[in-house]
Each structure stands twice: as C-alpha cells, then as structure tokens.
C-alpha cells in the first residue's frame, strides 16, 4: 500500500484525470505546431486542406519546403555551429569549475560558489544587453584610443557564443559537479596506488567516470543553446541562428506552414537527443 | 627481516596531532593489525605508508629502504580501500589488469597473470563480469586480487570488512586469513573491531589518540593488557573506578568507589597506595557464588540470554552494574531478577591500572 | 489479557504470499520479538498491524477489539521505523509534540508531556535541538519518546537498531529493554539479528518464508528448537547432513555424510530410519578430546582467538569443518594447527531434524 | 565574397538572389530581415559593421548618421542613376546629404494607409476609421510612428509643419496619444509585420487596419475584397533606400546588387515579392498585373497628388514620439 | 613540498577559467550597464553622469507600472506554476509506479527541449480566432461566432505557466523523490490526518524544492520575452519588452541599461525576500544537485 497516494478510488481516479489533463496541456501546442506542417495550405490554420509533405520537401514557389529554404537552412547551420562550439566550451569550463569547487579549498569558496550560480538567475535579456554593452564599450574604446578595430566584439557569432556561454557554464558546472561529488576519491587513490601517473588516473578513472555527466551536460547545453532566444536576440549579427531566423520570419515575412515544419523537425530532433542523453545517463549508472 | 618499518612516525594537521611518534616493525609474511577506536589515527598512518600523506616527522622503510621520497604510484605497497574502490567503469579483468598495464607489461603476460590471480582468490573465469554483478564477498576478493597481482611487498587493508553485513563479515574474516596464508604476503590490517584483529592477526598494535598503547600477539593483549585502555578495548570487561589501598608483590588491594574491596594484579608500575585506579574484570571470569579470593554482594537486575554468551546483570551493593558471564542458561541454574546474590572471581583475573590525575 | 492478537493473518501480493496465516498473542506489557531472515515477511506483518497494509485474510485485535476497519491514523499502535523517520524539518520537541498536536491537546499539556517523556528517555532539555545534532543512539530514543508520549497500547519497532554501528547497537540493546520496563508498554520488535531477539524478549517468534516456525521464550528456542530452521538460525551451530540409522526413545543414530556416526536427540516426529536428516551441534558443547558419547577424529586447521568466544577449527576426517568452542585460550591448553585431535560431545547436546525430500 | 544584406522581409526574394548569384558567381548573398528601428539599432551596436548593405527608409538616414556615424558616403558614379526616378532620387538626396556626402539612394517606395474589407467595411475613408466604434474589436494598427502621424493628420494637424517647434509638436503628440489610448478598446491587436497583418485580414479577424500598401496589394491578389484605401488626408509615403554601413566589407558587391535590382526585369520580380513600387521611372508599369490592378483600384490621380512624404525627423522628436508610443502601449483597456 | 606546489598550480589553473568567465562575462558587463545607466545624454554624442535615467524611470508611471505589472504577473505565474506543478511532481515522485515514473518524467520534459518560439507559436495556432479551439467550439455549437482567445492577460499567464512549469516540476520531483515514505507513514501513525501530514510533513520537506522552483520560475518569467509579446497583444507591456524597445527602437542605451539594472535589482530583491521568508538560502536550494 502506498501511503503517499490517495486511498479512495474516487480520488485516485480524479488524480489520474488531472495528470492526463496536464499531459494534454503539455502536448497541445506542440501537437498543434507540428500538425499544421502537414496541412496543404498557405496558412498554419484551419481549415484542413489535406495532407502534404510539401512544407518539408517542395522546391517550388510558393511552397518552399524547409529543406529547400536557404535562410532556414542557414539558420539551422548557424544554430548547430553555435550549439556545438558553445556546448564544448561550456562543458570544458564546467569541468574545470566542478573540479575547482568539489576538489579544492580556497578562501571565500562559498562566495565564489554563489557567484557561479548567479548567472542562472540573471534574466537572459540582461545577460545579453550587458555583454553587448560591455563589448561595445571595449570596442569603442579601442577604436577611439588606438584606432584598432576588433570587430568580433560587435554583435555577431562571437558575442552570441559568449552570451550563451555565460549562463550555460553554470548549468554544465552544476551537472558535472553533481556527478563529481558522488565520485569516491579513493578510486583515484586506488589507481595511484596501483602505479598510475596522475594524468593516467585522470584519463582512465576520473574522466570515464564523469563521461555520462559530460555527455548529458553537453546535450543539455546544446539544446538550451539551440532554443535560446532572449540572450541571443541582443547579440545576434548577420549570422542568425534558427530561432531568430524563425522569429524574424514570423513577424516580418509571414508564417507559412514551413515554420510548422521546422518546429516539427526541431521537436523530433531535440526529443531524440534528449532521449539519447537519458539513455546514456541510465546505462552508465 | 622486516618488510615494513615505521620509526617515530608523526603527522600533524595544523595544531592537531593525528599520529604521534609511532614506531613498529612488521616481519615478512606476517599479519599485523592496528586496532583502535574511530578517529585515533589509523587511516592517517596507513595513508602515510601508501604515500597519500607526507609524515610530519619520522621515517618509513620498506624492505629496509626509506620510501619517504617515493611518490605514491611508485611505492611497493598496495592498498585495499575501505569501500574497496573497484573501478566501476571497468570489468573484473580490467580492474585487475590496471596495475599491470600501468607498468606496461605485455598483453599476454597480463592475461595470464589475471587468470592466475583470479584462480587463487577462488573466482576463476569471472574476468568478463561487471563489478556490479559481484556479491560483497566477491568484490572483496577482487580488491585483494587487484593488489596481489602486482606482488607488493606489503598489502595494506583499511577496514575492508566495514561495509559488509554481519553474517558475511564473519565468513570473510576466516577467508582473509586464508588468503594471507596463501599469498604469503605481509598484511597490514586496520580495524576498530577487536574480534577481527584478534581472530586474524599474528600481531596487533592497539592505537589510541595517535599513539600505540601496546603491540603484541592477540592472546597477549587479551590476557596481559599493559594499559587500562587496552584492557577495556580488547574484549568485554567490567570496569570499576577505585583507589589503591596497598601494593605488594605485583598485587594491589583496591577499594572500589561506592564500597567493597578486591585484590587484583597490578597492571602497571605507576600504581601507588592511595592513588586512583581502575579495576578491570572480564565477565567470563566472574561467577555467581562467593569467590575464593574476591567476593561482592548484589542483586540480580536482569538476565540477558544470548546462548553461549549470555550475561547476568547484577547491581552491586556499591551501585555498579556488573556483567556476569554465565556460559549456559538452560534453566539448570535458576536465578531470577531481584534475587540477592554473591559474585566472585580469583585475584589473578582482576587487573588494576593507575589513572592519570 | 492480551494487548495484541493476530489470527490467521495472511497477506498476498499478487501470487506471492508474504505472510501466511500467522497467529499469535502478545500479553500486556511484554516484549515480543519476531525474528527471521531478510524478506521473510516481518515488515509486512508489522505494516498490517499499523494499518499500512490491508490483510488478505485474518484478523487483528488490539485490547480485544478488531482494528481492521480502523484507519492507520486512528490505531492505538505506534511505530518506530527502521530508519526512525524523525521529521528532519522539526526540532526534537516538535517531533515529539507532533502526535499530541494532531490530537489537538492544548499547548501547556503538550509542553509538559514533551518535557516528561524527554526526561524518561534520559534526554532532558534537548527539546530545542535539531534532529541532525543528535547522535545515533539519541535519535533512537527520541523516536521511541515520540511514540511513547502518545501512550500507545502497543509499540511496534521495525529493526530499530539496524542502522547503528556495532558498539552502539550493543549498548542500545540493553537500553531498549530498560525503556520497555520503564514504560511498561507492550513492545512488538522485529529483527533479523538473533542476539537482539534473545537478549531483550520475553517471547520470540521465529519467522521463515511468511510462516511462524516456533514461538517461545529465548531459552526455549535456543535449547529446544522445534525445527532445523530454528536450530540453525538461533545461535551458532555446526550443521552436518546425514542419514538416520535408527530411531528409538527420542534418540536418533545418525550416519554423517562422508563418514562418522553420532547419537542425538530427535528434533521432530518425522524422523524415520533411513531418512535424510541434519545434525546440529553448538560449538560451545564440543570439546577437544574423546567425548563420553559422541567422538569424531580430525585435524586442527586453525585457532581463531577471540577472547571468551574463541574457536578451534577442526577439519574432520569426513571432510566437514567443525567449530569447537573453547572458552579460554590463554596458553594453558596447547593446541597447534596441524595436530590430529579427537572432538566429543554428549548425546543430549546434538539434535537431529528431518529434511524434506 | 559574401554580401550581407540587412533588409525588409520580401526585399530579397530567393529568385532574385539566385539570379544575382548566377550573374556574379563569386558572390554569395546572406540576408538578415529587419525593420527601420532595428536596422539603425543593429548598426549602432556594431558601429556600422556586420552588414554590407542596408535598406532603411529615407527619413531614417540623417539623424542616425549624424548621431551615430553608421553609414558610408555613397559613390554615385558606381550607381546607374539613369535608371532611377529623378524625383525620388532628388527627394532622397535632399534628405540624406550631410556635409556634401550622399548616404542613400532610393530603392522602392510605397505608402502607409488603410486596408479594408469592403464587404464588411464599405465606408472606410481615413485614419479615423480605425477608431470607429462600428468596427469595434475588428481593427488593427502598427504601433510605430506612422500611426502617430496618420492620426495627427486625421485630427487636422500637419505634424511635418510642427517639426521645428518642439513644444507645439509635444502638444500635438499629447492629443494624438489621448486619441489613440481612447481608441485602444476598438483595436483588436497591434500588428508587428506583414505576416501578422496578412493573417489577420485574410482570416477575417480584422476588417480595417493600418497597412503598407505593398502588403495590401499582395492581399488584394488573395481576396478582392481587401482593398487599400489611401486616407483622405493623404497616404504617408515612404521610400526605402540603399545605404552602405560604415564598416561594410563588400562595397563592390553592394553596388552590384543595387544596380542589379534596378534592372527592369529584376524590378518586376522584386515588386512581385514586395508589392512596393520600384524607384525607377516607370515603376508602376513594372508591377505585376495583379498588383497594378490593385494600385489602380486604390489610387486615383488625386490620391497620388495628395501623398505626404515622410520628412527627416529632427533629433529629439523621435524620443518624444517613442514616449508617446510607450504610453499608448502601456495604457490598459479591455 | 613539491606536492603542495602542484596543488597550488592546479588551483590556479582551475581558478583561472572560472575567474575569467565570472569577471568578463558576468561582473564587468553588469558593471558596464550600471555605468551606462548613470550616463545622461545631453546632446548628440555628449554625456554627463548622474541619476537622470533613474529619475526619469521614477517620474514616468508607465515605466514603473510596467515593472510592477511584470513583477506581479510573474508572482502570479509562479504561484500558478506551483499549484499546477506540485500535484504533478508529487504524482511522479510518490505515486506513479517505478517504471511509469521515468516515462512520465520524460514526457514532462519533452516540451522543455522545444524553443519558446515554437511553443508560443503552437498556442497561437490553437487559440487564435480562427484556431483549433474556436473552430471546435463553433462546430459543437457552444458559441455562435468565432471567439478570440489570444491577446489577453489570462492567455499570457497560461502561456507563461506552460513555458515554466517544468522548471517547477524538476526540482520538486528531485526533493520529493528524496523523501522517505516512512516519514508519511510516521505522520499517519502518530495520528495525523491527510491534511496534517501534507501541511506539516510533505510541504516542509519539499520546501527547498519549492523555493528552488519558485526562484527559477520567477526569474524566467520576469525575464521572458517571446511569450508575453506573442500571446499578449495590445495590453501586454512586459518589462523585458520595454528594455528591448529602449535598446532597439529608441536607440536609448542609457535608459535601456537603467531598466536592465532595475529589473535585475528588483527581481533579486523579490528572490531575496522569498528566501528570507522561507528561511532558505540560494546555495541550499537552486544549487542543490
């Protein structure tokens, strides 16, 4: 008997109903966004004009499918590029932070730990504007004082990567540190005791142990980077990632069902990726 | 010839002295235990030998050569950790092969040695198993195999049975001793469980607050403790505070606090008439009925039946509670709580130690 | 008068029967233990009494009244959980006051009762402490106080010492018994550790695979086990498989597998000449040297010194390993590994049970 | 070489890009969609870097350049000015010359006015009809400066005439603000871009709306009831221009693009995509037939004569307008 | 000796990336907007220092009204996310069977991996006047004409709850998961009613998770942009939108930076207050695992 559960059948039934309603609530907009990708119409709205895959594969006007839409593809490419770089950086920095806070003792550690968490609770827009402002201050300063032009400090891929990195690193640090905390330090000592060098211990014992966390931190960072809007919006230059491209398309051109097609594609893609990370995490535990 | 020698080894953490000038020698091939309560510095001592802590002073010699400047991964001592520290991301074979690989031995040799050592610990053919598929006792043996395959001069074991459950622990005690016989390697074993130390060791060092109180064979420690601490820590004992009335010929007459007198062996040299002492008497040497040499009166408080190690709790007239070991309580001896009884023991079974201050 | 009565209580989970038609009565004010190996259904039984599981069949009566239809928060039984389940977000006083508040008692009463019960468990003035500041033994006592303050008819304890370390467990055993005396409440105690059950209980039920094998006083179970399971589970015992040669007058002649013969008491009625049996002999009744009634030959394999409970391991000629209990190994008896010895015991100390199949 | 274009939705259709890239195989075109405010903001943030060609409207050049120095002077000799409609070129020149440097040339022009579904709202005349209670909950507008100006005209003011007098301009703005706040109840929602607007009108959710004529002409192709109505006070005319950002890195490609899209055959494709009229001499004739018809349906001669071209905003006024817009946005209604 | 040197060196090597990250991407940029916010524009390209931007904020009701509105709606969204999410988290952690638990949790997480934009877009498709719900209601005859469900505060709140509820559920599940059922059993055994057990045991136990969830949800909501803009329509002024407008539409970095500072200070204050009131700390809630 599960004492945590309601005992009367009526309440149990009611509770299940609530859960079902909740799951429907979660699924509804995704379903709607995905569904109209297959509507043979120029607008993502009813009436239903029949099933089509044109919004994915058609190459003729007016229905340019997403796989023939240069700008969407370019946005996708930018997103992938940004996502991979920023996730790799965030995982690397997160690993360092995890070791720093789990393994090292130093003055004011608690204070620094709070600092490490803080980016998570700064609104994304503010991170975006503050980095934009700061980078511009430096760029302007350099230009005025020395005539040096560091264009990478202007909105563009580099700043987008920095902006996303600034808060993703907190997430990766927490994920990796959580796993490192569970690491039994005597495993390292055992390896050392068995004759391994420090580097070898790191490569054969510690990192393999952290692998699932590194992997899921990477996936989480990648997905968050991929869908990030608020921070990116303030920092984006001419190489816009997919969410920004989609947004621009939505408010400046018109939402044909091609946007639904992209949404559907993203849902399937990120769903698969998230599932993969869970499976990997499970398998290793 | 000694495999391991420690000489005035000390370790201070800031102002706190965890290990205080400890010296001992472990002869080749023997089973040496360090027994002491939690926090007395056992692990710190072992970690210094393994090279994970740098001694504040003193020297560690293995096979006669000082290893102080040898880094931990070069020392010829291997260690079995309290929670074993088997590598979860490697299978059994890889765990065992790890040290050999670090040494750069070739594949064929490694495979052969792994197979041999698995055989010796009684787990042939398990090389492909995952660590998580092993039972607690099997893990234990793999942890030992992983060290033994490297043929260390000394094997260090830090409370390796601590994590096992009661029944398994009983079995592993016997098995560990047998493994040591088989490998003929020097074992340095740490524990806070006196029964483990007594059961398995050739020699036991009793450690207290960073210092060694006594080193000796198990029987020695049990029967001839040199300090009150050892008398109290090794085996069960009744312990009463009192005052020495007179000392002569290695015998002390003790006035027990609260009333009553007894004669006991003088445990140490510092006992002087009038000085405070503690009297130790083991339950199993006390019997119901007036003793030939020492007798005290009291009331039976309760009977603690526990088969062969049953006890009678007697509240003595002086207020102290005495455990009386009564081997079998099969109803043949009829004693009921509340009865007034006398208890007795022979003078050579009591031991008095001086109390500082 | 019985505080608690269970009648043919059963619990099935799907096809699996966790508790199988168990009946017992616990007299008022007594300490009743249920002893059994892990997974035998002890917790399930207790949860039925507390109301957290609904029995598949049978009845539970407290003070004569069936409580089957009483919800768990209305039953006059309180429970000390295995991991104590002290509320971590409340301090000690709030933990104890919880039940009183649920009853809606007034503040002054609650404060008084909390203070009183803290006194009685020997922790006066700790009401303001956080649970996490307490030691294991103190937590234990608070868990009991939290129940006792509600003056339950029956206190249920589910392996409450399981999480404590060895030394503390020893101490708490005695303390628990004393608390029960003090409160004069009926205790129903669950454990898989026979020494706990024997030491504290007035009556013990030995449980195996959902059924009760035997109910009796500790001495009873130890000295007169009714089944092989009880003989093996309660106290240490040597156990040899064999075959009954002849049965007469409550005595069995057993041919031990591998060689050797012995006479023992017939443990049950089903023993028949020619049938398979198991012979149980406790280590402490075996001595070195030919016995008057039963004698076997062997070689000393090793000496396990452990103070009062030292053992000699003898490998018998028939291949079995025998533990011989030799009370004191102070050097007075000189036996060395490798020696050939005879061991013996009296016929009334062995017990044979029939083996099914 | 890459040509990074910062422009309006529809101003760089795929087919035009394809043709351009075929004609100039060494150039790839990359497009970022934007609007006036964002274009200036982006270029300000980058100090004029990141893009090689941008397309703000003619009234957004002068002040932005003066204050932020984000554009590069154009070399008119590299532009085939012969193609351009002289009146528009002159107009832009007048607006976008600072210290003798010209910063912009015209690309397309059009107007802002009203679009109405004549089957449901047959009598729409001007800006004021957006607040007409007959269409309560069925009107829409874009909350930008255009609506301020339009509403000012509908209230009988001439905002461009007040440009010189800040105080008077503020008084006028206050009046307009009040009017638009009061009107908020009438408005279904504020649209943000051509898409919003199209969906709102095509779905019938909105029957009267402020609109760009270009979008309206596209809608006319879908639904002949959706007609562009130049307000009686005059449609507001804008000219979207070409400017080269100060740190543009592909000037040659930028000039190539400007000249390319002004070729008559390309103008046709472009106008088909944007709905706007190219700034070439025969711009209206180069519109696709359906849009030409839409223009004919919308404008008569008088309307064309009545066009009100946006004038350069003097520094400072923009802030005042911004505040007014914020006030309207933040006001609550039901 | 050499070992402590190695220790120091590795400490420095590990600390360097952390310090660079926090200093260059968090602290200095925040100081940067603080600095910009103190800059007063006196003419084209001319600035002095002062609090004019802050004074402008205070003296203009529409600005602080928007901030208050954002804060108050964020609190509402937080409370609703808690109300909606708690039963779900409780179900996942305490009621669902072992096996369905993981599946349920995963199902709950899937929307998390889809961008805000797609989710908002989905709601628009559903709720607009010509959307699914409106059509459905007309079809079954519940309403006679199309109904507009977009562009009102209720929809904004609903959409925001949707985007953030998962951040409430995740920490709740992880704390509730750590709660031993025997605490609940003990609660009943000692005489507690269902309500008492919930109020005095379950809720206090889940407090760190509740607070962590609330902080994250509040911050996300207050800092959100797309959902209020896309679903909110004409009345939905959101403070982030205000910031964006200042930066992008008004080219007014000075007041944009001021708003940024104010948003950060104000939301931090609300979080601090929440922590104070519940007796929790940032490190014990948000940073926990």
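Letters A, B, C, D and E mark the chains as written, and numbering starts fresh at 1 in each.
Methods note: a contact is a pair of C-beta atoms (placed from the backbone, for glycine too) under 8 Å apart; a residue touches a chain by one contact, two chains touch by 3 or more.
Which protein is which chain? UniProt says A, E = Spermidine/putrescine transport system permease protein; B, C = Spermidine/putrescine transport system ATP-binding protein.
Note that the coordinates shown come from a computational prediction; the quantities given were computed from them, not determined experimentally.
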Chain labels contacting chain B and also chain E: A, C
Chain labels contacting chain A and also chain E: C, D
Chain pair showing more contacts of the two, A-B and A-D: A-D
Length of the line joining the C-alpha centres of chain C and chain D, rounded to whole Å: 90
Chain centre separation in whole Å, for chain D relative to chain B (CA means): 90
Whole-Å gap between the CA centroids of chain D and chain E: 37
Distance from chain C to chain B - Cα centre to Cα centre, in angstrom: 28
Two or more partner chains touched - positions in chain E: 128, 130, 185, 188, 247
Multi-chain contact sites of chain A, meaning residues that touch two or more partners: 3, 45, 132, 250, 255
Overlap residues in chain D, where contacts from two or more other chains coincide: 203
Contacting chain pairs - touch in the sense defined above: A-B, A-C, A-D, A-E, B-C, C-E, D-E
Chain A to chain D touching residues, read off their complex: 43, 45, 61, 64, 70-71, 74, 132, 136, 139-140, 143, 149, 151, 154-156, 237-240, 248-255
Contact set on chain C toward chain A in their complex: 47, 52-54, 72
Residues of chain C defined as touching chain B within the complex: 166, 174, 177, 193, 195, 198-199, 218-219, 222-223, 234-236, 282-284, 302, 304-309, 313, 325, 327-331
Of chain E, residues touching chain D in the complex: 44-45, 60, 62-63, 65-66, 128-130, 146, 148, 150-151, 233-235, 237, 242, 245, 247-252
Of chain C, residues touching chain E in the complex: 50-52, 71-75, 77-79, 81-83, 85, 87-90, 98-99, 102-103, 146-147, 150
